[in-house]
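Next up: the structures, one after another.
Next come two complexes, and both contain subunit A; in the first it sits with subunit B, in the second with subunit C.
Take a look at the complex of A and B:
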């Protein structure tokens, strides 16, 4: 069991867990503790230090979009993203509910709504109190400053008028030929201007002091506002939810429309002439409406988890397209030096091209193939696939996937070529002695022998593809993580900045997991242990 | 200066040869085989030059010589893995062109495909050689040959899970499973310890006794050459290496190791081989290259003299 566990950990590339397993089995506790200290505690401490520094430094840097969010704010943003996703899923459920469950759910929602009412009044009360408390405390601090300001202001303007009057008076006494006296007069005017400027600065400083005091955060108020917002959000959500359960509910709407239809049908039986025609038309229209209602779903907005799912689908689509191109070409390059020579210019030329360039080109080309997405067979086909259908795959998605493919296939291609070209000569001799045909040689000797390098290439490709994808989505407005970032950037809400930081961690984490998965695959296909370095 | 060794022919060996049809006596024939590589100045340097040898069917011939003299070059040329610059090799009445499963090779390194189990390594050859046989038959064939080399219990392991000796056993099983007309062993035990080496020598001798495959063994171990083969072919030093002398061994097959070791002639034979090798050490290689010292071997019936046993020694 122990060795099985250790082997599994080793294959998964999570070797930092090995000492924990060994410790659990009581093997050399001292040594294992040392290892745990080095490979688990030290990284954790490093991360803690990072978070601490971040928390300390972030509030000092003010930007146009507000303060740089601290770790706590980012955490709040993450939970708010998740809450949003949860609540939207609830609403979607609610829209489709019918019968007893709908009524029960509605009752729960109504109850919670009524519970919220007093809470809301209380929260409003708190905000009011906090506001009042803040005003008094601010006024207390600002009061003396203001009085001093007024006092100084009066003094200064009095002094200024006095100085100016004196200067005006002396100007009349200036003798026309007395150059020295004129110089002295000019100097006096200069002094006067400098003094006036200094006095103005002094007043400005006082004013700034006042503004700073007024702008200072008042923790009590901040907390009260937060509580108020939370309750307001929940109220809004419950309101929407009760709407989906109540008159906005699909079953209720259907019932209502059906009742209308029945009534019309009954009247139609006895109607004559124009009235009969009108009624018949109404019945037909009503039937169409019922059909539409019964097929309708809740218009759910995109939430980050859904966008992550779509991004993953997109990156895998691109990765598959890229691999399907790269592996065969790579194999041919490895097999034939001539083919390699033919491909080298293309590889060298296209490898460094940025996704930002590929994307518009891909968008235009895909747009050319799919001029009308609503009526195209491919889009139609994709919309009916079980796990992908709901994602509304559109030309932007396809273009993003193609961009991912174009940027990521080079690593696989070059690695495959290298793997095929560097097959052990002895293994090829086996094929020669057995006079294996091309197919057997390819599938029994060449590809198995180059699999470790192919997978090394695939691993790099997937990593590159994941990075490229976010940029591609951001540009193409294909729903996904990139789009989320772009929306937040343009949105400018108070928590947009924090939500973008959440994305940093989400993208990093998913990239890490993808890489780990590829490592496991790489290890499973490598026949000698040396090839599977992490 | 060195005594020709044809006198050592025993009556038994003669009789065996006499009883064979011409095609069987000249089952494998090397005629003036030469391998030359161009040097940077555009001149061809012959590694092997004028190599002549005739092997009868079912015979085991070992080739000894100093390392780098061109033994392996000769073997890879028979195997078809290396082009012949001039001259030709005939196996079973047909001149060889390229490699083929009729000439199975066991290399010094086991050369197993590491992504396949021992069984699959044998099966890839069996599938190729017996395409008509049923799946079940092919499977049994693989299992049979793996058990012949003593791997019945380890046949589903991967090469990296096997010891060097076991890997080489798989290599042997893979070679004989091809039912080759000729078995080529290129220092097959060079990388093994002496105990494993003795075990594997017996494994191969067992197989050869049973299957009677014409075999060529490259080795630089004098004792191995004496124990395993019917004739020992000694190569001169390169460049321009060729057959220096051929020693006919007086042992019958099947043979016992201690019977061979205790044979009264054993040390004479051994001394003969060693003195040839030592003579090669002392002698400068150049003059020997200059002399092409052999009557061309022809395949027509008129040339049915015993010259296949006497080779390059005529010059000395």
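Take a look at the complex of A and C:
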């Protein structure tokens, strides 16, 4: 059992857990504790120190787009992202609810709405008070600066006019041939300009001081606004929810349309001539409408969890396309030096090209193949697939996937070529002795023995692909994590910065998991016990 | 899920009925009339009873529920060709009609489920509408016109709905503002007199030119209102903003100030980075500059041209031809959204704007802070942190017959395209009229409005039924030049700077 566990941990690349297992079995406790200290406690402490430093340093660096968010603010942002997702899911559910559940839910919503009303008035009151308090405190601080500014401004401009007047007056007194006097005069004008500049600087500094005070955050107001926003957002959400449960509800709409249909059918029976034709037409139309209504769903906006799912789908699509190209070419390169020589210029030429270049090209090419995405068979087919259908795969998605493929296939290709080229000569000799055909040689000898390196290449490719994808989505505005970041940057709201930080962790975490998965695969196909890279 | 399935079953069963009935009726004709009359009601009552049992309490609650629209005014239900739509928008407060029509259920009332998707810039937005990725979008007024005449991407795009009036501002960086103050004493006051012309900017431009540099300013798209307004403002003070020519599609020939394209949400960041020293953009990106303390809005486009047309709702002609009823339903919902946005109480205060600002501040819509969006949406504008002024008409979504697609608006944009050389050849006056009529479609608007009037949702007086599509001539411009849409050539020739025909 113990060795099985250790073996499993080793394959999964989670070697830092090995000492824990050994300790549980009571094997050399002292040594295991040491190991635990080094591989688990130290990283944890390092992370804690990082978070602590972050929390301490972040508030000191102020940008014009707001402060660098502290860990706490980022956590808040993460929960607000989640709340948004939750609420949208709620609205979607509400649209499809019917019967008793709908009524019960509606009652709950109405009750909560009525509870919110006094809370909202209170929050508005708080904001008003905080605003007033802020204004008085700012005015108090700014007042003396302003008076000083005005005083200095008046003083300076008086002094300036005086100096200018004196200079003008003296200009008339300059004797025509007195070079020294002229030079002295020039110096005086220079001094005047310098002085004026200095005075202006002084005023500017005062102004900057005033601006800084006005820009200063007022904690009471910030908190009051936050509370107000939360309540207002909840009210907005509940309002929409009650609409989705009330007259906007699908079941209710259907019932209403059915009632109309039935009424029409009854009148149709006694109608004659033109009227009968009109009615029949109306009935047919109404049926189509009922059909559409019964299939309709709430048009839900994209939320981060959905975007993550779509990004993952996109990266795997790209990864599969890339691997399907890279592995065969890599194998051929490894088998034949001539083929390798033929491919080298292409590999060398295309490998360093940035995703930013591939993407627009891919977009244009895909756009050329799919001129009318609404009616294209491929898009239609993808929209009806069970797990992928809801993701609304569009040309931008395909272009992003192709970009991922183009950027990530090189690692797999070169690794495959290397793997194939470095097969043990003895293996190949055995194949020759056994007179194995090309197919047998390929599938029994070449591929199996180069698998470890192929997987090492795939692992790098997936990592590169994940990195490239975010940029590709950002540029193509294909829904996904990249689009989320771009939207946040464009929003420029006070919490946008923090939301982008949330994405940093999300992307990092997913990248880590993907990497670990690839390590497991790599281990499973390896014969030797080479240690996995971390 | 289960009750939903029941409904589906019920509806498919019902849908078979009329077919049977018709067959019955046809065969019945041959035999006797009495058979028909006797047979059908029996069938129907059975069917009705059946479907009654498959439906649960929900159907009963309909009749009791006061919210059920069946009991409200009779609705003209359109036979929609398409009921799930995707509309694009740019993160600006004037996308409000689309967002409000969605959030307040006006689209749902027409049986539409609409997804509203933020687009990164105007070019992508237009491309996505043309290639069918989007069904329609919040567009710059110049975009349908330019696309139709083939400046930039060529495609026949039409509009049957003007989304709003006004709503833009020109912001300059703090340092340019300081220099402007040095050149004009009047600007030093914390609340300087408006309108502020570009006269104080002229010496700065000339100083820069003397040192071999050009002042850089940002606008959002070559055929945007912002481009024309910024040019108008500069040219009114005798600053040449540059011309487009056949070979210069950047519009910088002879320029004293160079204009470049930056997407609206990127404006504050680009200004802060120092790549541009000023910009013309819609809200909330001017208020954002004030909130972040990186620039000073010097003027709004209300001062440049009082009640100028701003955004339109654009679709391709192809889409409109394929989905005429859906288009009508969309316009209906948008008119109602505009009406909701401009609703006032007895005292004349806008009552729904705070709620609108709250909705727009959601991250999937405009996403800026509520406080920033609220300023301009509720009729106020911060020119500096200490200079807040009431501007009740900063955004007009319904008043002044603003949602009507006026030909004269189209002609004005065409004159500006000619003035700055985007239209390279001189054109006769009739061409302006014809082109405007290809793009602006009041016929669709009127049809939608007529339905709303008969449903009791719109007042007869809210629509200019009898107009020829041209607004009254106006000289409400910053330089007082008279604009008459019937005389585009005369208008072109009345400007000092610009192409003349």
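Throughout what follows, the second predicted complex is superposed on the first by the 401 of 534 C-alpha atoms of A that agree within 3 Å, B and C clash if a C-alpha of one lies under 4 Å from a C-alpha of the other, contacts with A are read in each partner's own complex, and residues count from 1 in each chain.
Throughout what follows, a residue touches a chain if its C-beta (ideal position, glycine included) is under 8 Å from a C-beta of that chain, and two chains touch if they have at least 3 such contacts.
What you are looking at is a predicted structure, and each value in this text was computed from that prediction instead of being measured.
Trainee: Determine, for the superposed model, which of the two partners subunit B and subunit C contacts more residues of subunit A.
Mentor: C
Trainee: One more residue to check, A:491. First (subunit B), second (subunit C), both or neither?
Mentor: It touches subunit C, and subunit B stays clear.
Trainee: Touch check for A:445: first (subunit B), second (subunit C), both, or neither?
Mentor: first
Trainee: Of the two partner chains, subunit B (first) and subunit C (second), which one does A:13 touch, if any: first, second, both, or neither?
Mentor: neither
Trainee: Touch test for A:71: subunit B only (first), subunit C only (second), both, or neither?
Mentor: A:71: touches no partner chain.
Trainee: Tell me which partner A:429 touches in the superposition: subunit B (first), subunit C (second), both or neither.
Mentor: The first partner, subunit B, only.
Trainee: Subunit A residues touched by both subunit B and subunit C?
Mentor: No residue sits in both footprints.
Trainee: Which positions of subunit A touch subunit C when the two form their complex?
Mentor: Per the stated touch rule, the residues are 64-65, 84, 96, 98-100, 102-103, 204, 211, 214-215, 225, 229, 232-233, 236, 240, 243, 246-248, 250-256, 258-262, 265-266, 268-270, 280, 283-285, 287-294, 296-302, 367, 371-375, 394-396, 477, 486-494, 496, 499.
Trainee: Which bits of subunit A are touching subunit B when the two form their complex?
Mentor: Listed in rising order, the residues are 426-427, 429-430, 432-436, 440, 444-445, 448-449, 451, 527-529.
Trainee: Spell out the part of subunit B that touches subunit A in their complex, as residue ranges.
Mentor: Residues in contact with subunit A: 79-81, 98-101, 103-105, 107, 109, 111, 113-116, 124-125, 128-129, 158, 160, 178.
Trainee: Okay, in this complex, where on subunit C does subunit A touch?
Mentor: 1, 3-4, 7-8, 10-11, 14-15, 17-18, 21-22, 37, 40-41, 44, 48, 51, 55-59, 61-62, 65, 67-70, 77, 79-80, 83-84, 91, 102-103, 105, 108, 111, 113-116, 118-120, 124, 131-133, 178, 263, 265-266, 268-269, 272, 288, 292-294, 355, 358-359, 361-364, 366-371, 385-386
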